[in-house]
Structures are given as C-alpha cells and as structure tokens.
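The two complexes that follow have chain A in common; it is paired with chain B in the first and with chain C in the second.
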Partner chain A sequence: MSAGTQVHANLTEEQVREISDGLDEPDWLLETRLEALAALEDLEMPDVIRTPGRDWTNLHELDFESLVDPLNAAENKDQVGPEDAEVLPWSEAVADHEDLLQEHFGSIVDPQENYLTALSTALFSTGTVIYVPEGVDAEDVTVRTEQNSRSLFNYTLVITEESSSVTILERQSTGEEAAEQYYSGVVEVAAGENSYVQYGSLQNLSEDAYNFTVKRGVADTYATIDWIEGNLGTQLTKTEVSTTLSGDSSETQIVGAFYGHNDQHFDLDAKVWHRAEHTTADLVTRGITDDVARSVYEGVQDVGADAWDTSSYQRENTLMLSDESEADASPKLIINNHDTEASHSATVGQIDAEDLFYMTSRGVDPRSARNMLVEGFFVPVLEEIDVDELRDDLEELIGTRLRERE
Partner chain B sequence: MSSDQDHLQETDTEARFEFKKEENAAVKSDKGLTEEIIRMISEDKDEPDWMLERRLRALEQYQNMPMPSGWPGMPDLSELDVEEIIPYIRPDVDKREGVDDWTELPDEIKDTFDKLGIPEAEKNALSGVGAQYESEVVYQNMQEQWEEKGVIFCNMDKAVQEHPELVKEHFMTTCVPPSDNKFAALHGAVWSGGSFVYVPEGVTVEMPVQAYFRMNSEGMGQFEHTLIIAEEGSEVHYIEGCSAPKYGTHNLHSGGVEVFVGEDAHVQYSTVQNWSKNTFNLNTKRAICEANGTMEWVSGSMGSKATMLYPCTILKGRGSTDTHITIAFAGEGQDIDTGAKVYHNAPDTSSTIESKSISKDGGRTNYRGLVHIADGAENSSTAVECDALMFDNESTSDTMPYMEIEESKVDVAHEATVGKIGDEDIFYLQSRGLDDDDAKKMIVAGFIEPITEELPIEYAVELNRLIELEMEGSLG
Partner chain C sequence: MARLELSNLHAEVAEGDEQILEGVDLEVQSGEIHALMGPNGSGKSTTAKVIAGHPAYEVTEGEVLLHLEDDEFGEDIEIDEDQRTWNLLDLEPNERAALGIFLGFQYPAEIEGVTMTNFLRTALNAKIEEREELFEDEEDEAEEEDDGFESSPMEGPADEGEVGVAEFQGILQEKMEQLDMDEKFAQRYLNAGFSGGEKKQNEVLQAAILEPSVAVLDEIDSGLDIDRLQDVSSGINALRDEQGTGILQITHYQRILDYVEPDHVHVMLDGQIAKSGGPELAEKLEDKGYDWVREDVYGTA
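Let's look at the complex of A and B:
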C-alpha cells in the first residue's frame, strides 16, 4: 500500500517548529525534524513479514491522524543515574551537549527509514541522553516514562566512551487511562571501544495503546551491547531490537520475553549484523500467547563477507496457552562468510502434558502446576537479566497475569 | 510413439513454420504471449476444447499477475525477460525431437556425460538423443507389466487424449491452479509434454517410475506437466530425470507438478535437477494428501542460474504425513532458492523437512520454507532441520523459514546450522593420507548422505558424481 494514504492533513511545520522552539533546539535539529515531516508523504510503513495471502502485521489500519496529537504531549518522567554518568533530559542535553547530539542523533536509526521513524523524529518532545565518560562504571540508570497524553514520542540516546559500562532500565507505562494511545520510541546506542551496555526495557502500556519502537545499537571494538526486551502491554506493538557489531570482537545479546493475552498483537524483531571479525551474538526470546493473542517474531542473523570467525546463535520458543491464539515465527540466517558457526532454532508448543501429569501426581493442583511450568519456562530468559529490579518486575508481572487467568 | 512423431514431422511442418512466424512477429510487436500462439499450440496437439479453454484462462491470469517481488533476498530475475519467452515456447524445429546423433549434442553436455562416466546407452537416454526410441525399448516391458494392474503411465499430451475424464478433473484445478503464481499461470498457458501416472486402488508399483524419456518427448520439456494420481492404498515412486542438462538455448524452465495422494496411499517424488547454468528454473510442485496418506519429496538441485522452487504438500486428511529431503548445491553465479511448504490442515498430521545446502565459489543457496498449522489441526507436529556447508566467503547461505501456527496442541521445531568444513575433520583425513580435495569430497559425500540413501542407486551415484565434478570446478 502506498504510504500516501497515511499523510496527515493536520500535521504542520508550525507544530514541529513549536516543539523544537520549546526545547530550545539548534537549527540543524529543527531542519532534521522538518525534513522528516516533509518525507512522510513518500515513506512506507515499516516492513512486515508477508507470506502467501497475508501480512503478518497490519499497520495500515491504524488511524494515525486521530492518534497523533503532537502539541498536547504529557508524561511523568524519572531520569536518574549515578553521579559519575550524565543522565540528561532532552532540553538539558540540547543545552549542554550539542556536539554529542550532532555527532550521534540519527546516525544509527535513520530518521527517514520509514513512516513511523520519520513521524517520531518530527514530533518527539521528550527524551533522554545518557553519556558515560571513559572508564566510568555506571549502574542503575533508570528512565521511567508514564504516558499521560494521547500520543507520546520519545527519543533516547546512549553514548558510552572507551572502557566504560552502564546498566539502564527503561520502563513505559500508561498514567491516566485514555482510550487509545500511541507511544513511539527511538533508541540509539553508540557503544565505544571496550565498553559495556545493558539496556533493559519493560513495556507495560495500557492494553488500549499502540506502540512502535526501534532500539538499535552499534558496538565498537571489544564492546558489548546486551538488550533485555520485555513486552506485556498494548493492543498492538511493532518493535525492533538490533545490534550492528561493527568492531572486531564485539558482542551482543538480545533477550526477549513477552506475554500476550486477550487480543494483543506483538510483532517483535531481533536482529544482529555481524560486520567485523570475531564477533559473537546470542539471541534468546521466550513468550506466551493466550486467548486470541498473536505473536509475530522475526529474528535475523546477518553475517557479512568480512565477518571472519563469527559465532551467532538464536533461539525462540513460544508457549501457546490457548487454541485460539497464534504464534508466527521467522528466524532468518543470512551468511556471507563461511568462517562462521551459526545456528538458530524456533519451537512452538503447549505445556508439556507429561510435566503437568508429573506435578499433579505429586499433589500440585492443575492450575498451580500450570502456573509453575509457565514461570519455569521464563527462567532461562530471566537469568540473563543483570538488573535485579527489572528481573523482579518482569517476574511479578508475568506471575500476576498468569494468576488472573482462569 | 515413434509413428506419432513421424506423423507430426510429416504433416505439421507447415503449421510449425507458420507458428514460428507468429512467434517472431509477436516478439517484434512486443506483445509477449498471445492468444494466437496458445491456440496454435493447442491445435498442433489436437487438443479438446476444454483444454484450450484452460490454456486461455491461464493466459489471461498470467497477463494480470505481477512478477514475484518484495521477497527478502529473492533471486535476481531481471535478466529473465518474459516478453522474450516466446522464442522458447518452441525450441527451434531441428531440435524439437532431439538430435539424431550423439555427435550433434552441444559439447558442454557431451563433456558432462563423459565426465560422469555414464555408459553410452544411458547417455543417450539422459541427453534425449533419440530418447523416445531408446527409452521406449527399455520401458515398454515395464509398462506392460503395469498396465495389467491398471496402472497408467504415459506422456501428458497423450493422457489428455486418452484419459480425458481423469485429466479434466485433476489438471490444474485444485492442486496447482494457474492463479497460484505467475509462473504457474504461464505454465498453464503454454504447458507441453510431461508425465501422467495413475495408480489404481491398492496397487503397489514396486519399481520406481522413471521419466527420463519425457525430457524431449514433445520438444518442449521446459514447460512439462506431471500429474500423479495415487488412489487409496496405492504406492508409487516417481523419479524425474531432470538430470540431463538442457540445450543452451533454453533459458526458462517452468514446469508444473501435481500429486494426488489418496487415503493410505504413499507417493515418493524424486528429482535430480541439473539444468544448464543459463536456465531460470521456476517450478510449481504440489501434493494433496488424503487421510493417512504419505508424501515424500526428495530433491537434489544442482544446476540452473536461478532456481525458485518450494515443493508444497497440503496435508488435507487426518493422519497424513509429509517428508521433504532436499539438497542444493550452488557454485559460481548460481542462486538456488529452494525449500518446502507444508500446510497442516487436519489433525494428527506430521511433517519433517531436512534441507542441506552447499555453496561454493560465490554461489548462493537459500532455504525458504513455510509451515502453516491451521486452527484445528490438533496433535500435529513438524520438524524442520537445515544444515548449510560453505566453502568460502564469496558464497552465501541463507535460511528463511516462516512458521504460522494457529493451533496450540502442536509440536513445532525449526533448527538450522551453518558452518564451514571442519578444519579438524580435514586434518584428520589428511593425516590418514588423503589430499585436501579428496578430504573435502569425502566430507561432502557424508554431508549429503541423507539424500543419496533415499534414491535408487544409479541416481545416488549420479548425484555423487555431479557433486564431485562441481567441487572440482570441472563441470560445464
């Protein structure tokens, strides 16, 4: 479908200028926004998987015109971190670190990559810049966003200098319950040489909300970027988490957990681009579909011709708790260098009847047995999370949702 | 059959030359395929009206359908000018019935067979040299034995004449309708030749049904149609002899294969494909499996410039089973995009897909698979396993599985691995006195064994030899 159908009649340059003025942004940034706005007309929706007779996710049905309300954005935000790292709200970052922004903004996620990235670039009104200087180990950076408006566009930039490290926990939730909301987030991570980033995210927006997120990182030599991606909220989520391993011996791990129930639809991408020598990637996603929920998973491991001595692994497992739910998966391997050890696997199934029988025969009632097995199913994913708070929250949310279940 | 050909040669010369003129005119006027040409083909074959009507409908569908596009990593078809297909509907008249003599074959083909070490008689059959005569002798006896049991095995054009009811019911109706994809539609319009196999209820055809002979049977083998109907409780193994490289002038192969597997029936369909390296191989192959039926696809894809082929099984009846075993080898300039499609549309169905690929010297292999488990297909299971072996960093090996799971009581697993030939394995073999090349060949032979062990010995030998020759880089 042509993106032309999505153009907003009611989005104007004046609105974009007003947002940019309000944040006291320099001209180049305003220009970037205006160019993104102008490009909307020609841009397509993000790619979704197509198989004979169907698109796995339909983004064209969303009525962006009515969902997007750029001048009335409102949120509650916590942006906190240790003293030796800088965790800056967007307006402060604009004032203090224009050079950093100029270098990195839009360098990892192209503002004009697709319709939704351009919309986000043109209209974002809130954001966080996390800057970790050389040699600093920064723990417990927390960015919490509570959305209190019809639409919210959020931008996050993480820059780690040489031999630094940081753990970041980001959470999105909905405050005042509005009927339908749209949350859009762009995250760029530039991991300097030998630095370490763990970026954990817990999306628990209202189940009336729509969500589009791109999180992308570039890892320099010896750098590591680890992503934790928890998805529980929204009625429709389209999200991508990806790492480009551009420096020799860089590494990445993408760990995902999702739990879809009712009529939720999660379209989750995990992608890694091996572009240097001796790089390693490990992608692990586990999730549940219940009721009439649907999960769509695309995993890509792309090994470039120059990526000698690559190791790349991917696993995706979905547990279906209901017959009416659907779990679609496409784990892709694209290998251009033979000096590679790569594997991927995906499984879909239901709770193992034997396990259930074993537990019930030991006196556990069937419902508790089922809940224990589901909680156990997530353990391999939970184990990978460095930040205790994120792990505990995720575990609790899964447990709560499970116990709500009849 | 030979008298048919004589008849054709004697009486249809004028029609054929006229046809040729039409063809050239069409190219000049840039119209592509025309109704006139389709009518000409049908008339030339003396077909009944219903078949002509199907061709014309397929033509219309072809003209209204877009080329495949937007597939991630799909082979480059830009050099395939569909408008230019016209000359290839009919290879030039001289070669229409195959060449008369071994010496008239293109050097590339002769050379290949010499290197394969295939005996002269077999070479003749493989290359289509007087194939009808040579092979008829060979296969006639077998045919008689089958006929006694009610088995029908003949070429497709003949089946249209002699078994219209069966063909009418099954030909491009429910299994591969022309609307399936652009090349299925093209096939439906210009199809010619191919095999028809009918196995009555309860009959087991012990010997594999081999279709070497059809390569040149009507001279238009690149659009051949294969229709296999296996009635309840029957069993048959069909082997497609695509092992003969085609003449250099052919640049598009767009065949159609339809298999009807009755209740409790068992069909194995094996292909060893080695098209010349300027051929676009865009086939549609599909089976429909009734309750407790079993379909097995075994294929080795060696040749072609680009292949897009995803044999498909629709598991329609409860308890039906599908097995895919495929191997692809892509050398320099080749893009072999192949895989499997399985639709689990009934409870208690199962499928296994085993795919192996080897890429070398800049070749690309891709496994593209779709497993669909429909809501209600309880207790179904599928296991997909893909292994890729790569020789160098010029080559590419991709794996793109798609899994659509609408039913919870299932067991779905996909696994894929990619790796280079193990240095340790080579070192081990070298330390036992093998040179580097032999060590690699031996490892590859071991790698493809799951395929070769499914094939009758002569095909297995041939596949092994073809791969060895590819590895030496000495094959056309």
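Let's look at the complex of A and C:
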C-alpha cells in the first residue's frame, strides 16, 4: 500500500486551488502544487534508518486523515527584519518577486522528493521569503510562527545575493493547545557567491504535536551556510538539515541541540554534500534523552569525486539521563575523492559517575551536579550560536526542563 | 578542631566481592599532616574514596567518624553535644563535604562547559547551605518534638547567606594569587585541557576555597615538575597553617614530604596500616622500599 492512499480520502484539488487562490498565486505555482498532490499516491515516506525488521522511526502510523485540515490553518506570525533586507510574507513575495520564486522555489527541495514534501508543497498556506540584496549585511531577521490550528504547512525561502549576509532566527511554537497537531516546514536557502547565512531554528511545539521539517541549502563559491537546529517540542519530530557545497571554498556548519523527555521521539538528519573544491563542513550535534524518550540521528558527509581538498568533520553525542531512554546514531562518511581530511564520531552514554562524584565530593548536591553537567554538555553547541536570543532561549528551555525533572 | 577517625574499616568493591580494606585504623586531627604511603594496590586510594563516599565501594565493617569541636565552623554555628560526632558512612558525599571533608583527586574529572568560577562558587554556597541544613535539621526535629512544628518557622530564604558573584571573585583572586595561579584559569572549564600539574594546583585551590577540616590528598604530587611541586606544597602547608586543616597526604614518594613535612607517616600494606611512625619512616621507605616493613610486620618479605 502506498502511503498516499489514506490522505486522499479528505484531500482534494479544490482545496489546493482555494489555498493558491487565497494567496493570489500564478498558474505555474498552482500547477506545482497540483502535481505534488497528484503524486502523493505514488510517493513513499522519507527515508528512515532501517535495520532488518525495524524502521527506527515509524512514520506510517501517523494518521494524516485526521491530522491534516488544510483549509483551517491558523497562526500568529512575526516576520521582521532590517530595512535593507526584504522579509516578506508569502502573499507579498508572490506579488513582488514572482521571478525570484520561479527561479528558486522547489529548486533545492524537490516538491516530490517524498510523500511529506509533496504534502507540504500542495498544502502550504503560509511562508516567508527573505531576500538579501548584494552587499547588504542583514542581522536579526526573525520569523516566529505560533500554530493555532490542527495542521500548519509553512514554507521559507532565503536568497542571499553576492557578498551579503543574514542572521535568521526561526521559532515554532504552539498557541492554542490542540490535542494533536501536525506542523510541516520546508526551508530552502540559496546562498549566493561570498554570502553568509546563519539560520537558527528553535522548535518548541506542543508535546502532542508531530513535526516534519526539511531545511536545505546550496552554497555558492566562497559562501557559508551555518545552521543551528534546536529541538525541544513535539511527540515526534522528523527533521533533516543539509547543505550542498556546490561552489569552490564554500563552507557549512550544522549545529544541533535536542532534549527529549517523556515519550518524545526525535529523528534528526544532518547531511553535507561536498560537490566543489576546498569545501569545509563541521557537523556537531548534542542531545539529551530522558524518561522513555528516543533519538535517532543520521549524519552523512558525502565527498564527491570532484571535491578536491575537502575538510569534513562530524560529531554527535547523546547523553541519556534515564535507563529507559534510547539513543541511536548512524554517522556515515562517503568519500569519493582521496584529497580529503575527514572524521566522524558518535557517542551515546550516561552521565559519567566519576564526574558526578567529583562534583558531589566538593559539596554540590547530586541533582545540582547533574544539572551543571548537562548544561555544561550543551555549552560547546551554545557557543556556536551568533544570535543571542536563540542562545539564551535554548539555554533557558534546557535549564527549565532540567529543573522540572524530579 | 576536628578529628577524623577510621576504625576497623573494611571495604570492598561494590560490584563484586573483592575486599580491599581489611581493617584500617587511622586518626587525623585538625592541623596535623599525615602521610599515607604504600605500594600500588595496597588500598591507599580506596581509603581516600571511602572517606569521601565514592559509590564504587561498599563498607562491610568499621566506622568513619568525624568529631567536631565548637570552634569548627566559626561563630555561626554552635555544635550541640549530640552533633559533635558524625558517622560519615551514613552521609552522602556532598554532606561529608559540607561537614569539612575534602578529597583531592589523583585524576581530577574534566568537566566541560562548567567554568572554574561557576563551579567553585556553586560548591562553596552548596557547602554553606548543606551545613546549615545538617545542623538545622536536627534542630527542626527537636522543635517538632517540642512544639509540634512541621518545619522550622525560622527558616530563611534559600539564598540567604550565599556568597555573591563579586564577593566570590575577591576570594578566588586572593587564593589564586597565593597559589601563584594565572587568572585565566578562573574562566576556563573545570580541569578541561589542564596539564597534570595545573589540575593538581587546582585541587589545592579548591581546598583553599572550601576550607575543609580534613583534606585527603590522593597522590597530589604525581605528575608535578619541581617548580609546581613547590607551589602545590606551599598551598598544602598554607591549608594547615592558615586554616588549621588536617591533611592526609597519600603519596608514593618522599619528595613531596621534603616540602610538606608530615607529623605522622603510615605504611599501608594489603588493606591495613602496617606501620606508623614519624618523618624518619618515610625516609627509611625511600631508602629501603616496602619489603622490610612486610618482613618486620608479617615476618615475610
């Protein structure tokens, strides 16, 4: 059975047309949506790590028929940025920059890549376009999305022209609590020559929510794309952050932090595709699993045959605070060019008993000692975050969650 | 004044039945320096860890008692008659620390992301708070019995009496200067990337700040060059001379005892104190090794 059959029971072309009409979209965009809708029937769920007899994340059990309610999307959104950069709600971007959209929309994340990207493409009703013209340094772009409906499909496009830079903070949270919600987000970043993008994201949706997100960037010559990926909310998150280093001397850093407790499940991918010469990547993820939470991490560094003089590093460390939590990691290094310096590692462990004893022997009570160790564990990741608000909020959320723990 | 008393202490590895301590008797008093020497595997480090409450060891017999006198905590706390002696084996490691036990580690943990300043201030405040709780708990219980209070009506806010950031900076700076430590250590992560000597110096710094009644220093001299050995030694002497700390100095070698002159030297063999004496015992050990002690005590080499 293809995954698409169940959703077609309550999804129609008319709904897609109504969303597109409401945003005053041109025909080519409507066609892209309709094609994605039509493709649903034949598309598979996104890849998850699979070992014989077991998918590490089971997306097939999601009941899309009840989760997806395309015509009743509701949200509170903040989309702000400095004057010299354009930070546009989707409908304004459609009106003002159709050429940009036509050039970039779907060019980085294929709308029909899998069932969930197609669903998102067909149904997205909200979005942001961040356009940074040549030579502009745009700091403090903020996109806050508060979900107030059963489902919400969000699309973000970032375009930086030559020698520009932008620092973006994206936050997702839940407003009015609904029993179960579905949030889907697609982010495409096109980083022009010698431009810099830091895209920080803090997902703090309700713990009853499901979340599918794909964030992908392409870096041109001398361009840098840095991602910060903070995940705290939802009962199930499936997310991918990846960069294609398509220009010579381009760079990327993917920094992830997550904290799962109760029965949360995080499936996190960090991937880099080295496709040009002298490219550099650094992938660092740190996370916590507590109670019966589970994390699944897949990291890929793929060095293409033409990617001479590549430097690529990957580290993933998960700390388990309970005996019942679970953490699986699968770091992969695929090298097709011998002129490569690369390393990858993943560790899963519990708080070191000797570290804990050291601290308690100095008078610190075990609970405070554990909290200090956990907060300290995240510091190398927090130190990479340029945006103060993101760093402070992430730190505070981690601290709050720790202190709530018995 | 405080006195640490180990009496017929037997201990084994918690997971397994390997007996390591076979009846240790030892007393360390405030202001005294004791050297505990012995070959590898004789139980020196285990003794240190058991005193501090390391969870990897289980005490199967004996006692570890801490006797406190009125002047121990200054004028802040008056020690009731029934609170003058504590069985440390009933207490958690942090409670033992609060009562004035300090363990200087042979291999201090490297704690990423926690700055020295933050950790030490937290430790100092935790110690103050825990100490108050240990002594107040008893008072509360007494009041409960007397007046039927469920909790002490005198209990103040949690942060009352805490050492603030600015005050602590002053204390830290002063102690670091005394130990000839670079100021930059204060903002570095706890022991992370420290050389062996820096770690040991940091252990002495922590003892200087926490002002223990008894400091058990486990091979604090290992991995030190001669300059650093002198720095660390003067730090240890200052603990004794200025704070009246009792020192239990575990070491393999005579050389630190040239700088930290012990009042008593003990030789540990097979989980017991086999011989005790004055500083001359350490010199004899340096010259002749441990076999003669074995022969002397057990009649066999």
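By our rule, the second predicted complex is superposed on the first by the 401 of 406 C-alpha atoms of A that agree within 3 Å, B and C clash if a C-alpha of one lies under 4 Å from a C-alpha of the other, contacts with A are read in each partner's own complex, and residues count from 1 in each chain.
By definition in this document, a residue touches a chain if its C-beta (ideal position, glycine included) is under 8 Å from a C-beta of that chain, and two chains touch if they have at least 3 such contacts.
Nothing here was measured: the structure is a model prediction, and the numbers come from that model.
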The answer to whether chain B or chain C touches more of chain A is B
Figure out whether A:A327 sits in contact with chain B (first) or chain C (second), or with both, or with neither.
first
Of the two partner chains, chain B (first) and chain C (second), which one does A:Q350 touch, if any: first, second, both, or neither?
first
Is A:I335 touching anything from chain B or chain C once the two structures are fitted on A? First, second, both or neither.
first
Quick one: is A:G376 in contact with chain B, with chain C, with both, or with neither? Answer first, second, both or neither.
second
So, A:T360: does it touch chain B (first), chain C (second), both, or neither?
second
Once the structures are superposed on A, label A:S368 by its partner contacts, choosing first (chain B), second (chain C), both or neither.
second
Overlap of chain C and chain B interfaces on chain A (superposed complexes)
none
So, in the complex, the side of chain A touching chain C is made of residues 352-355, 357-366, 368-369, 372-373, 375-380
What residues on chain C touch chain A, complex-wise?
52-56, 92-94, 96-98, 102-103, 105, 108-109, 111-114, 118-119, 122-124, 126-127, 130, 189, 206, 210
Chain B to chain A touching residues, read off their complex
70, 72-73, 370, 372, 375, 388, 390-420
Residue ranges of chain A in contact with chain B within the complex:
49-52, 305-306, 308, 318, 320-350
